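I'd like to ask you about the structure that follows.
Order of writing sets the labels: A, B, C and D. Residues in every chain begin at 1.
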Amino acid sequence: MSGVFGAYSTSGRTVLEEVYLGLYALQHRGQESAGISWVENGRIAAAKGLGLLHNAIDQQKLSGKSASSAIGHVRYVPTDPTQTQNILPIGANYARGPVAISHDGYITNLKELSKQLEQRGAIFHSSTDSEALLHLMAQKAHMQPLDALVDALRYLEGSCAAVVLLEDMLVAARDPWGFKPLVIGKADGTYYVASESCALDIVGAKLLRDVEPGEILVIDSKGPRSLRMAPDKHCNRCMHCSFEYVYTARPDSIIDGCSVYEARKKMGRLLAEKSPASDADIAAGMPDSGTIAAIGYAQRSEIPFEMAVVRNRYVGRTFIQPTQKVRELGVKIKLNPISDVFMDKKAVIIDDSIVRGTTAQRIISMIRNAGASEVHLRVASPPVLHPCKYGIDTRKEGTLAAVKMSIEELRKNIGADSLSYLSEEDLVEAIGLPEDQLCTACFTGKYLPENNS
Amino acid sequence: MSGVFGAYSTSGRTVLEEVYLGLYALQHRGQESAGISWVENGRIAAAKGLGLLHNAIDQQKLSGKSASSAIGHVRYVPTDPTQTQNILPIGANYARGPVAISHDGYITNLKELSKQLEQRGAIFHSSTDSEALLHLMAQKAHMQPLDALVDALRYLEGSCAAVVLLEDMLVAARDPWGFKPLVIGKADGTYYVASESCALDIVGAKLLRDVEPGEILVIDSKGPRSLRMAPDKHCNRCMHCSFEYVYTARPDSIIDGCSVYEARKKMGRLLAEKSPASDADIAAGMPDSGTIAAIGYAQRSEIPFEMAVVRNRYVGRTFIQPTQKVRELGVKIKLNPISDVFMDKKAVIIDDSIVRGTTAQRIISMIRNAGASEVHLRVASPPVLHPCKYGIDTRKEGTLAAVKMSIEELRKNIGADSLSYLSEEDLVEAIGLPEDQLCTACFTGKYLPENNS
Amino acid sequence: MSGVFGAYSTSGRTVLEEVYLGLYALQHRGQESAGISWVENGRIAAAKGLGLLHNAIDQQKLSGKSASSAIGHVRYVPTDPTQTQNILPIGANYARGPVAISHDGYITNLKELSKQLEQRGAIFHSSTDSEALLHLMAQKAHMQPLDALVDALRYLEGSCAAVVLLEDMLVAARDPWGFKPLVIGKADGTYYVASESCALDIVGAKLLRDVEPGEILVIDSKGPRSLRMAPDKHCNRCMHCSFEYVYTARPDSIIDGCSVYEARKKMGRLLAEKSPASDADIAAGMPDSGTIAAIGYAQRSEIPFEMAVVRNRYVGRTFIQPTQKVRELGVKIKLNPISDVFMDKKAVIIDDSIVRGTTAQRIISMIRNAGASEVHLRVASPPVLHPCKYGIDTRKEGTLAAVKMSIEELRKNIGADSLSYLSEEDLVEAIGLPEDQLCTACFTGKYLPENNS
Amino acid sequence: MSGVFGAYSTSGRTVLEEVYLGLYALQHRGQESAGISWVENGRIAAAKGLGLLHNAIDQQKLSGKSASSAIGHVRYVPTDPTQTQNILPIGANYARGPVAISHDGYITNLKELSKQLEQRGAIFHSSTDSEALLHLMAQKAHMQPLDALVDALRYLEGSCAAVVLLEDMLVAARDPWGFKPLVIGKADGTYYVASESCALDIVGAKLLRDVEPGEILVIDSKGPRSLRMAPDKHCNRCMHCSFEYVYTARPDSIIDGCSVYEARKKMGRLLAEKSPASDADIAAGMPDSGTIAAIGYAQRSEIPFEMAVVRNRYVGRTFIQPTQKVRELGVKIKLNPISDVFMDKKAVIIDDSIVRGTTAQRIISMIRNAGASEVHLRVASPPVLHPCKYGIDTRKEGTLAAVKMSIEELRKNIGADSLSYLSEEDLVEAIGLPEDQLCTACFTGKYLPENNS
């Protein structure tokens, strides 16, 4: 999972700080590393580092630089996040000049591609999808950079929302199924591309539209123009990731035309209709991802909404070392149910999804210790039954709670008085996109057919 | 403004990591520096640094150390936060052994004290209140450390919630008016003192009680015992800071017996009764401090509550350099109103307080741009009309919006369709403490009489 | 100019610290960056940094690692020494496994080679000679690494003393003319290759022999074996760099069978015979490079030798920022003539060479200020009249003092009472190698014929 | 052991860089830490750090500052050099303004003084002599700073060469016996004080004279004026440290009127007369401290002088971690005898002194391995038989080679063919000062009488 951002000023104004701020708005998509690349004297320059943006990049140094076009990247790395060579964007100066690449997605044929490239002399310095794209371009040194890029994109299978910086242009490309979100915005003479529209808001830009599935958007001094990926990559259906609406995206983003906030609230409403908790005295969300659905649930069911579980804003994955003491205290470090609110109350808790079930179990136990007489859990998405092949995390099928147990077993396991999920139909209805434009593979197992991937 | 924390294990178990975690729970009380002190081979040892806790202190190095008693501090420093010598706790090894001091509050006679101490040979290395306390002790080298500390506390005027580490004991002291909060908790054989009860929750400790105004709580291997400050410091009334309930404290804390969450929700309810916004379609809080009051307002007025303004969790005061671009974008970097929620709606926004009014103005403007047809502002505390003499920030009277303008002028200035404040009476009622036990000086100007201070 | 070092233990013992110490002995060959590479789990690992060895590499971290084969490099970089990507050894994991390269010398066809490689898809990350060698290997991915390396070396023109680390072997290669020194040594079951024999001494190894011009020495678990560069690269004469004996090498090294110390002393002796300074009261060397020749001069002429100019051991190029004040004080920061020694004396000063003449001028002036009544300068090498094409520094012809002026003009310019150089014949005689095995191009302009280079 | 430096410009010119350069010239007196202090806006400012000057202080940052008066310090710390609070100069802002202190020497009544000061309320932050002086001043807050300083100096016993910075003046003080060297110099309108005259040379200043024993030299805008320490501290004899001439000082320094270079050469000459080595083919010094004496020995005995043992200029105590491998290789890492010079030769080696004898043993063994047929050791000072009470190192009596064995036993122990020392009389003659003005306590045990110390 990643966040990508790019900016191109047609008036030559520097955009480096805006890329920095744009990445701030996308920080929820990746906290393990951050980077910004631009062109300086015909060569790629970069500021990169590990951890959260403010640790990774020295804003003050950046402010002293100037570039009218730049790209940035924030990255979530489930394994070995300390490999500095894997920090994106990846950049190089090859036979045809400078190029830098930021990529959100998962290239399913990466191993195969890398092997072929190495046989032709490529030396890989990282284990990123983006570097394969770089070598595909470098090995077409007889072509113009843009042509080489368009050609290179043909070889990629899987999901891809890429922002590419060339010497005199910015290119945004989205795979033919549109798995990963990618939007385009504008403010005065500057064009922006970003994983989510909230990153346009932070720099004061207006959302123009989503980059279309299969579109290659080229922005240069004449403004944007649109190319299409090769026809043999054409698909008859979209596969927009439904999990973006459930969990990944920020609630203030609009993705493929649908408001994430409204989708989440509707998930809560439909859940309240199908899985009421009539006796409950209070409704609360599992912070932060369950909060909006909880508001929808509370409104529909007329149960009072409370911010009953407080999240410590200053505790993040990259901050706390997993020492023995930290493991003992577990979720207590991050979340704190308010005793005065829960005492002697029947509570319905709305969470966005259940993956392994361990967090739910611990919080329900904490809520009971805080005095709740009943705890009913409502999940604002269907059971996660299948691994994601297109880039969401690394959860393996064997670790999924809903695979290992029945719903009743799971309820007992996590200690809830009742447990219900949103149905697949209601998920689709809540999002508001046609069913055949959504990827629900993690819920339904309906992956892209192999010959199409 | 600061957060203090201390731990003493009667069983000799190391408490360093718990102090670290306790400070995480108090991070909202100070983000400019953090420090932890303990005794190592009879001498004060410390881990300290600038910025947020995870930047200031290397948790991994701390985990390698061991100490059965330790204190910690997080600090908000309005001016010149880069002075490393001012990072607390302050520690020293004086004639009578090691001592370290963490202090929340504002010593009103600091200048006078410092001058006297210097005349007697003291060399000040910092400009902190705590160092004055240290020199007061050092100049009584003929006394036992505890006696010297008790004696030293007599000289302090103003507000003080201090945690002091001596070689074989931990001391917690609260000024005779109880301005600043300070609680005591326990888990197994370990005692904890903390600015707020939420810091007890994070380490799994149970809140025993508040440290009483004028109490000097001494914890050693035999457990806690209680001393009193000298009788000439006796006061006939408490002065618990009402602003803790309005803004400072975390909602999951209980201070002087009153739940901050319940107090805030009641502020919202009372505001809804006295200052309704009958036509409003939605009610939203100014994140994060207005949220709980907004829930109370929404419940009482039956206007739907929405999380309509999204706060960027990754943007903090210590992260962003105030460059030209950042100043231009202003509050947009931190807050984003959701257009889909506000579009063509009449909104009532609940904020905790208005100090200078500039943020309110900018957000109301953003909400209108997001499509709201009407924006009504409700403030869950009375107008701030007086500077705080006891440690809240450095706001000078001349910068206070409510001092410079009438309410109607301020309404126009910030661009709201209507503007109302909570009354002083309702504030007191919402908190739930007797009026004569609350300090409301910043609203009412009722400071401690000079001869008592 | 660089120093290279490699070690291979046939008994599997770790050699990392020895490579570190070997680089210490070669530090005089390069102070701008240092690096060590080894293989870890089948992949190249490295410790690298800018500046002197002890700043560049954390010895303590290195001591915690283990590798039975490793290579190292210290580098003198006349321009832009802060480019971290140019720190050698350069390493990569290509289709055929790990490879790391350390190289001393100057590839005269580097630009041409790089362009060809880029046309075939190579992406250059540095501007080093070594990376070209790396890509030459990578583009022969169908060959075994050793075969690819041998093949790649064919393409290099110019000077080259390279140490290459492969997964299971260490390779040392010297260009067919033997421009740059490279020796092989042994201690117990470990083989070492180094730029100079003094680096064998530091690790307690015995000098076995010089790597021969055109030899490719392969060391693996079976010990060393010798390959030859391709026959079309055969040369009918050697071109051992005579400047190594004059200035570059350490006096305790033996290069191509000749002792540097003895060569320098003989340069001084012959200089004393041909250019006596009969009246002189004292003889002194320009520290440190002129000292040994001065001892030879003093012994032959029976003029008392004095250490009359003290060099500040702690001042290095990488330590002092060239501020205005530093430029004003100039050579005074590094060198101090002792007044008590020079007062009212006629002094003969022996220097190793004169390049631009500015240092000589400043020191002669300082010596006069120290009280010397006469200052005679003797140079222990012929006038430097031509730029070096094979890797010594970057001095351009136009900056060479002996090109810009006659000897008499130069004498006046630097303010000496007399000035003499060693003749080319005496230089050759002092070194002791046959004239046709020495490169004296910087003195004589006798470069390698173009078609041979 | 330390080096101190101070500069005061009467014309208001900044002297910070000159203090930095002055410390470079004194680096041989201390390599463990360095610091510079000056006054900024009425308060002490400082740049300090561990290790060699260029690592300890960022020259570039210093160049950006300005101060017309400043002091500096380099420090040799035999034990625990990583205690950053002990880096000098020590500075403070006390009741009477800013003060910073640099001190070379050893206060023999430090413990006693510290205890008294603590009883009166002093809080010590370091374990330095200088801090005691600071507290002595602070506890006289009723006096002017200069008066308080003069008064404070009365309490010190032992050796002391101190440079003290006050708000508007620079003070240099030397104990009544003149143990430690301290000189004053001038260039244009700037006055300098330094441990050695070589530090005046580097900044282009002229040596005016030594600060006299018992003198307190005060430099302010009116130039220098001289005070005397209190009469009860008067002494009837000087105690200039003879070890400065033997080992400590740089050869290009003039101390108390005597040239260190000439003294060392004469030590060698007298040694050649009294302890000839008639058969020897070559004479060489133990680098670096034995070199000058070796030149004197060679000249007097007409044995050829050779630089036969090469010292690695880049290896220092602060650079190399004492790992197992490093201990094994021992002195080999630093020193390398040249085989071509020693082969089949009878060598006489001149060393400055023998303390523990271990280094001599190792080098003699290396010289034999290098081929020498005989190795005769001559020591240019008498046997070290007593610990120094006044600040040279921390060698304890039990570790001194000449205490543990007879000269013949020591000769066998270190493996020399013959071993001779310089006599006490010849040492005194070589230095050139009257015997009753020299401290030779480490050779003779003639310490200062207790009641005078």
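Quick notes on this one:
Assume contacts are C-beta pairs under 8 Å (C-beta built on N, C-alpha and C of every residue); 3 or more make two chains touch, one makes a residue touch a chain.
No experiment lies behind these values; they were computed from the predicted model shown.
The chains in contact with chain A as well as with chain B do not exist; no chain meets both.
Steps from chain A to chain D, minimised over paths through touching chains, total 2.
Most remote chain with respect to chain B, judged by CA-atom centres, is C.
Separating the CA-averaged centres of chain C and chain D is a span of 35 Å.
One finds 64 Å separating the Cα centroids of chain B and chain C.
Between the CA-based centres of chain A and chain C the separation comes to 53 Å, rounded to the whole angstrom. Contact of a single residue of chain A with at least two other chains is seen at no position. The touch graph of the protein chains shown is a ring with every node of degree two. The set of touching chain pairs reads A-B, A-C, B-D, C-D, using the touch definition from the header.
Looking at the complex, you find that chain A touches chain B at residues 17-18, 21, 24-25, 27-28, 31, 52-55, 59-60, 63, 198, 201-204, 250-252, 254, 259, 261-262, 288, 291-292, 295, 298-299, 304-307, 310, 312-316, 318-321, 323, 325-326, 329, 332-333, 336-338, 340-341. For chain D in complex with chain B, the touching residues are 92-95, 115, 118-125, 134-135, 138-142.
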